[in-house]
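In the two complexes that follow, chain A is the common piece, with chain B as its partner first and chain C second.
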Partner chain A sequence: MRALLNQRSITLLVLAAVIAALPFVFPSSYYFRVASLVWVSALAAIGLNILMGQAGQVSLGHAAFFGIGAYAVAIGPTHLGIPPWAALLVGAVLSGILAYLVGRPILRLKGHYLAIATLGLGVLVALVITTESRWTGGPDGMPVERLTLFGWRVSGSYTWYWVTGGLLLVGTWIALNLDETPTGRAFRALHDSEVAAQVVGVDVARFKLQAFVIAAIYASLAGSALAFMNGFINPDQAGFLHSVELVTIVVLGGLGSVFGSIVGAAVLITLPQALTIFQEYEHLLLGLIIIVAMIFMRNGIVPSLSGLLVRRARS
Partner chain B sequence: MNSKTALKSLLVASVMSFGFAQGALAQNTVKIGSVLSVTGPSSFLGEPEDKTLRLYVDKINAAGGVAGKKIELVIYDDGGDANKARTFATRLIEDDEVIAMVGGTTTGSTMAMIPVFEEAQVPFISLAGAIEVIDPVRKFVFKTPHTDKMACEKIFEDLKKRNLTKIGLISGTDGFGASMRAQCVKVAPNYGMEILSDESYGPRDSDMTAQLTKIKNTAGVQAVVNPGFGQGPAIVTRNYAQLGMTNIPFYQSHGVASKSFIDLAGAAAEGVRLPAAALLVGDKLPESDPQKKVVTEYKQAYEGATKQSVSTFGGHAYDGLFILVEAMKRANSTDPKKIRDEIEKTKGFVGTGGIVNMSPTDHLGLDLSAFRMLEIKGGDWNLVASGS
Partner chain C sequence: MAEFLQFLISGLTVGAVYALVALGFTLIYNASGVVNFAQGEFVMLGGMVTVFVSAAGVPLPLAAVIAIGVAVAIGLLLHRFAIEPARGASAVTLIIITIGASILLRGLAAIVFDKQFHKLPAFTGDTPVDVLGAAVQPQSFWVLGGTAVVVLALYVFLEHTITGKAVLATAANRLAARLVGINTTTIMALAFGGSAAIGAIAGILVTPITLTSYDVGTLLALKGFAAAMLGGMGNPLGAVVGGLLLGLLEAFGAGYISSTYKDAFAFVVILIVLFAAPQGLFGRRVVERV
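Then we have the complex of A and B:
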């Protein structure tokens, strides 16, 4: 028990240290921007990882919730006069309710029905955002009002680095602590064996649904943060390709590993930036690196590497 | 060993992201940036833009550069993703420290990048179509392609000449179609146009007969206009012929102004009219036309270097690059603010898209004469003689 607790606080401490230390090596605000993007993607991925890694279900339309969060903070203040921070909460609540409504009937079934249902949901949400141009600005997107908190206008790459970094820390802390609660234990039981969990009295459907709702709220908050940061949003963020990117981050970083999601996001966001020097071979190399990583680190980057370290330490 | 190599490659990659990004800045070069959608769904726009910029920057450097300095071109591919475009825009400003930018393939990515350039006070010449880019006017943002509003006006002007005032609209729901539809609806009253029917289709739909039948059955429709882009208009054109509607004049937009539209629509394209840039009919222009020289030279250079047929999209990049280069020469400086002032003073610049006269209230500088009304005859573009 103590070892677990230690591991948890170490993860948090390492993350906090990295967030605090990076500004000292960043030469320009472009790096703050890339890092903020990593923190935002990592936040969405951590939520998705609770669903995928712990409850063993895949969401192929997770960008839909990301999009709902993003468009909530775009539409709320512009069309409905809701203050930006309240719009963020409205987006999170809407995403949670939608996930509940979709997940409740489907998660009673065994198998990967949720993947198909979310695939449909993702396409549907992206379609609505693209066509309802009166509200959403259509395929070209719409501007987002700046976030103001207690008279403080949140803008600039540097500020957003700390805001998103803080959000990520809180998100990580909650995800890590979830492990300790009865819900977290139920999730782990689910992950190890659904049948065994059911036999010892875990309400499988209910806990899967909880995981799905939590994942949706994480994605929605990440979406809102990105929309505020960019000051502009378009339907790509709710599209299928973004859903695939989120799943890739989770699998690449390591299923069930909170730290893995952060590393996965860091790799997938910084790699395309680093590979631009290869120009037309950029996409080829990106694909190749991901394939190689998945072949040699089948459990994802973080679990594979920590396994390797543990084995080294023993021998 | 294996996992070690994999680890190494990842480490190398992450180190590179911080190491390589710092390019050496030579004394005698100036950096011009560009973010284009070279891959992804808008690649048919971004690719010719990319090739045009590379081709002409090489030519300019071979001829000694601009005001004694060589141009270093930094191009990033956003893959059609506005969020990526925004990151690359930040990178161009913060890391590459470019003095100006010619790029932004789609309206979506342009709109996402505008705040970065406005804040940094670096001129940004966009290659995107929609009018929102320059309306309202932003101090550092310019653009070269004709707006969708102008395309509507040109079509309506032609309709008015033919005494046709009752029209049906069928538009795509993609960015281009939706934006142009809105502009057409807005300017229709100025030309006395009455829109009797207003239909739409999804960008990936494969049959539009239902919408067209509805227009066909609307009493009094004298002409049909199709604001659209990509494959959709070709399908609409085929369906239009299949339904035997060719007795009603049919107008496409400048969005289909490439040879592949005629190939896709086949015989059904006969008699279709559309507004387009002079570039498409360069060889058919009279010798007296001021654009004749520019468009034939660009066509020859582009087709010679790439072995691909020329498109108006690459032409927009050509115009953007040379408006910038001329401004740099006049400013005789690499100060972005001075270059911006000179871009705004561009007068009588002859480009592939038309003759550009910019002003503090007009950051596009093209008027309706920039568009030529074309009719497809015998599988090729033909100029519509004025008055017919």
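Then we have the complex of A and C:
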């Protein structure tokens, strides 16, 4: 137990140290912006990883909840006069309720059928966002009012670096703790075998639904943060490709590894930025790197590398 | 009536393409258990290679054959260098590999070709044919006929040749197939090649109607996957029925209810079908082993 506790606090400490240290080596505000994007994507990925890595359920439509969070903070203040910070909470609650209502029937499905059902959910939400242009600005997107907290106007890539970094720390802390609660253990039992979990008395349907709702709320908060940060939002954030990107981050970093989701996000967000120097070869290289990484680190970057280190240390 | 027929034919035409993509999914899934998200890229390759080879002065039929050849080669390469080395990895890892492959192929197409939309001439002219009052593009008949030929050829191959039966045996039980002397690696390569050919044929047939560009694959893969799931994953008949049904749903939804929400009807119906029949329309119920 103590070892686990240590491992958990080490992960948190390392993350906090990285967040605190990076500004010393960042030469321009552009780097702060990219890093904030990494923190936001990592937050959404950690949530999705609770569903995929811990509870073993696939979601190919997770960007829907990201989109709901993002559009809540765009539509709330603009059309309904809700203060921005309250709109963020409304978005998270809406995402949670939608996940709860839809999750009940959807989560009965297994494997690829669950994948297509969540994909359908994602397509539907993205479609509504794209079509109801009176509220959402349609395919062109819409501007987002700046977030103001107690008279403090949160803006600038430097400020957002710290805000999103703080959010990520809290999200990581909750996810790491969850792993060690009865709920977390129930999730893992589901992952290993639903039938076996049911036999030992785990309420399978209830825990799947819990994981789905938690993942939805994570994504929604990440979406809200990104919308505030960019001051602008478009339907791509809720689209199929963004869902695929989130799943790729989780699997690339390592299913079930909280730290892996952060590493996965760092790789998948910074890589395209770094690859822009190769101009038109950017996508070719991105695809190639994903393939090679998954072939040689099939359990994901973090579990594969830490497995390697453990083996080295033993021999 | 004429309106109904119009929607029916356009729905079947689009549905036939979805059916071919779904069939490609099914073939690879059955042989290897991999859900190949690069399936749409084969459709793109079929269309794009035909466009560029025929623009270079090669007659259309020959260009089409070359395009199918290129797609098959890419399918085999995908299997050899991306799927085979990751043998034994989990299903979700393999899915991410195919997603990587689809990003790679899209990037490759953007470099080798370009990022513009391209059109092929219709095979037998553009003059609409009157079918009981509905104006039908002659190319629709090519799509429907071509799909029928592919489905029939696949059926004959699977049911009446030794190699085809080996594919079915591999699909039923990979270990047992290996035990009776079937080289399952060859069968998997065959499935990737065949599925690439089917995708390319779909791309060639439909490009005169819908245009093509380097990034048409994503949406087609999504629809094809949906069609395969609607029919029941792993069932070739289900894939065809699912594809046609998806096309019809879109066409009638767009025609009678709302064209902006045409994708919504398809997915709402898929969700309803899955709630009622969690294994798709023709899927078998699998008992999970603990």
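FYI, the second predicted complex is superposed on the first by the 309 of 315 C-alpha atoms of A that agree within 3 Å, B and C clash if a C-alpha of one lies under 4 Å from a C-alpha of the other, contacts with A are read in each partner's own complex, and residues count from 1 in each chain.
The criterion applied here is as follows: a residue touches a chain if its C-beta (ideal position, glycine included) is under 8 Å from a C-beta of that chain, and two chains touch if they have at least 3 such contacts.
The structure presented is a predicted model; accordingly, all values stated were derived computationally and were not measured.
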item: Partner chain in contact with A:110 - chain B first, chain C second, else both or neither; value: second
item: Chain B versus chain C as contact partner of A:131, first or second or both or neither; value: both
item: Touched partner set for A:9, first chain B, second chain C, both or neither; value: neither
item: Touched partner set for A:30, first chain B, second chain C, both or neither; value: first
item: Which of chain B and chain C A:270 touches, first, second, both or neither; value: first
item: Contacts of A:181 with chain B and chain C, given as first, second, both or neither; value: neither
item: Chain B versus chain C as contact partner of A:252, first or second or both or neither; value: second
item: Which of chain B and chain C A:282 touches, first, second, both or neither; value: both
item: Residues of chain A that lie at the interface with chain B and also at the interface with chain C; value: 131, 282-283, 289, 295
item: In the complex, chain A residues that touch chain C; value: 52, 58, 105-106, 108-113, 115-117, 119-121, 123-124, 127-128, 131, 193-196, 199, 240-241, 244, 247-248, 251-252, 255, 280-291, 294-295, 298-299
item: Residues of chain A defined as touching chain B within the complex; value: 25, 27-31, 33-34, 37, 130-131, 133, 138-141, 143, 157, 226, 230-232, 234, 236-237, 266-267, 270-277, 279, 282-283, 289, 292-293, 295-297, 301, 304-305, 308
item: Touching residues (chain side chain B, partner chain A) in the complex; value: 2-3, 5-7, 9-10, 13-14, 16-18, 20-22, 39, 75-77, 80-84, 86-87, 90-91, 93-95, 106-108, 111-112, 115, 130, 132, 173-175, 178-179
item: Partner chain A, residues of chain C touching it in the complex; value: 35, 37, 82, 85-86, 89-93, 95-97, 99-108, 110-111, 218, 222, 225-226, 229, 233, 260-261, 263-264, 267-268, 270-271, 274-275, 278-280, 288, 290
